[in-house]
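The structure follows.
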Amino acid sequence: MNSVLFGKRLGTLAWVTAGLLLAAMLMVFFYAPEDADQGFRQKIFYVHVPMAIVTLCGFMVAGIFAIKHLRSGDRSWDVRSYVAIHLSIMLGVGVLLTGAIWAKTAWGHWWVWDEPVLVSYLIVFLLYCCYQPLRFSIADPERQSRYASVFAITAGAFVPLNFIAVRLAEQYTHPRVLSETGGDMPGDMRLTFFVCIAAMALLFTTLWKLELTNKHTAEQLRRLRRRLEAQA
Amino acid sequence: MIATARAILRKDLTIEVRRRESVPAMVLFTVTVFVLFHFGLDRDTVEGDIATGVIWVTLLLAALLGINRLYVAERDQGGFVGMRLAPIDLTALWLAKAVALFVYLVALEIVALPAFDLLLLGPGLDGALPELLPILLLANLGVAAVGALVAALAIETRARELIVALLLLPLLVPVILAAAQATEPLLTGGQSPDDLAQWLGFLALYDVVFVLVSVAVFDFLLDE
Amino acid sequence: MIALEAVERRFGERVALRDVSVHVEKGQTLVVFGPNGAGKTTLLRVLAGLLRPHSGAATVLNASLPRESWKLRGKVGYVAHEPLLYRDLTPRENLRFHARLHRVAEPRIDAVLHAVGMTDRADDELTELSRGMVQRVAAARAVLHDPALLLLDEPWAGLDPAAIEMLEPVIGSASGKTRVVVTHDVAGGLSEADVTLGLRDGAGVAVGDEVAVRELYG
């Protein structure tokens, strides 16, 4: 694994992320107009949807890392894949929670079935919840990495298919979110939305690199310790 | 590769015909679940969306029984070792298992659908049959491909059957979604669904994607 | 035929084989001694191409492991602890299956069945056969494709003298094949060995005579 690259640009990245997050927050609260129907509560959508999009991309990118792992046999790709999935799952909880909050404040129910992003997300989330139990039920580390990669590739291919299926289904031809957002979003809303996506993507990347650096350092430490013990 | 797959398939079907373990269990399970639904829903007949749900969920859960057993003999009786020592393309194993599972599912449906018609279904199946067939075939293909892959993934893990169920059911949601959407109009009194083509197309896409994924990654599951 | 140089194989944190080196020429018999858990079965599986060596140099039948392990397929005959046969099939069906996998012609099945003396029981289900008979079918399976290398994990364990005598020309030194045999029979093993190797906790130990072997079990 490239030891030097991990920590180096992390500092700069963190600053840029913080800056963009701040900009995003300012825009959400002061720039974007209030929604005509839902008022202030609609603003949670600026957290919910970007987080959903970023984590879904995280799952798919993890699948690509997994492909690289299987093709090269280099375990560092598996670590990158693992961290991406792990992070996406944790943020995924946030997606479901913000989704529930939004559903409750907007329509009075904690869960609604006619929201395609949310429904499709729940299924993906349930699938990826099996990732860690799968990993930990395999003792041999090499086999664990390989099987995890197979899972990540299969599940990564599943994400878009699942989304297509849910969108095609009859009840979802009039999704509430996308009719508000897709075609009819006013310019300032749209700009805020994209800034939020960018901020969320950078946040994900920063956290991802941070966790990778953490793991890498821990591994180096473990290796040194083992070498010392062997010499003792 | 095809010849190898055929040899493995013949072996599996020989054992299944001789031991009669998977298919009868799946059939028995299905009929039992129909009875459960009768009591659970407190109804003598079902139709429309409820009928669709009952038949597809039941078939899927019955498939799980067959899927759990797919690789057990290979693991416990040295099948994997024997095949890894032979000059064969190991993807043939996946292919053989997927085809075997497809055959088991067809056998299951040949009994389960008339049973469903007899026990629970309100409107008859006869009119719906020609449209139902491609839905069943494409859905079976998807279940077979993904089932053969996930079963191999789970066979070496500790909580085998649990992992299969937890992994497989979300993966099969698009199949059940498409199949149900396509079937429902057929069970509400025989109308032909407008977007049958759309759902068949989606099922075909799902099948293609997962066949490709399975063929690409299966080898890595048997390596050591 | 076999050249191992400081081969290592781990399972997670546990080292199953460490610094194992041995050379075997064509036609020779290598006998591997060692207490249970020493790594003998692991060694056999590495030689079969079933397990990848993690470090060291390993060449078996001109295939450099692990890179070229695929070259070994079809060239190794393995008699393991388990018979590697399907319980629900008859001996003939089992052999037919392996014949198809290895692209071996039908007549060879009968020849091999005859060689291990199982011709008249070939169509009984495996569950009806005694352990000795099953072992004979397992040996038949191992030599069906006329492999260049035989890997035998305690092949004579639990067999009566008649069965052993029958299998000698098939998988014994009389077969003329290059063999690696794992056994606990010290005297018997030493008598058939051209090369010996001792394993203790995964480490290779040179063992020349009976005393050295017994020390392994120390």
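Letters are used for the chains, namely A, B and C, taken in the order the chains are written, and counting of residues starts over at 1 for each.
Going forward, contacts are C-beta pairs under 8 Å (C-beta built on N, C-alpha and C of every residue); 3 or more make two chains touch, one makes a residue touch a chain.
Computed from a prediction, not measured in an experiment: that's the story for all the values here.
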Problem - Pairwise touch network: line, ring, star, complete, or other - result: complete
Practice task
Compare the CA centroid of chain A with every other chain's and tell me the farthest one.
Solution key: C
Handout entry: Central chain of the complex, centres being mean CA coordinates
Key = B
Fill in the blank from the handout: Whole-angstrom distance, CA centroid of chain B to CA centroid of chain C, is 39
Completion exercise
Cα centre of chain A to Cα centre of chain B, whole Å, reads 31
Practice task
Compute the distance, rounded to whole Å, between the mean C-alpha positions of chain A and chain C.
Solution key: 50
Fill in the blank from the handout: Listed in rising order, chain B residues that touch 2 or more other chains are 223-224
Completion exercise
chain B residues touching chain C in their complex are 3-4, 7-8, 11, 14-15, 18-19, 73, 77-79, 81-88, 223-224
Problem - List of chain A residues in touch with chain C within their complex - result: 139-141
Handout entry: chain B-facing residues of chain A, complex
Key = 70, 123-124, 126-127, 129-130, 133-134, 137-138, 143, 146-147, 149-151, 153-155, 157-158, 161-162, 164-166, 168-170
Completion exercise
chain B residues touching chain A in their complex are 146, 149-150, 153, 156-159, 163, 166-167, 170-171, 173-174, 177-178, 181, 198-199, 202, 205-206, 209-210, 213, 216-217, 220-221, 223-224
Problem - Of all residues in chain C, those that touch chain A in their complex - result: 11-12
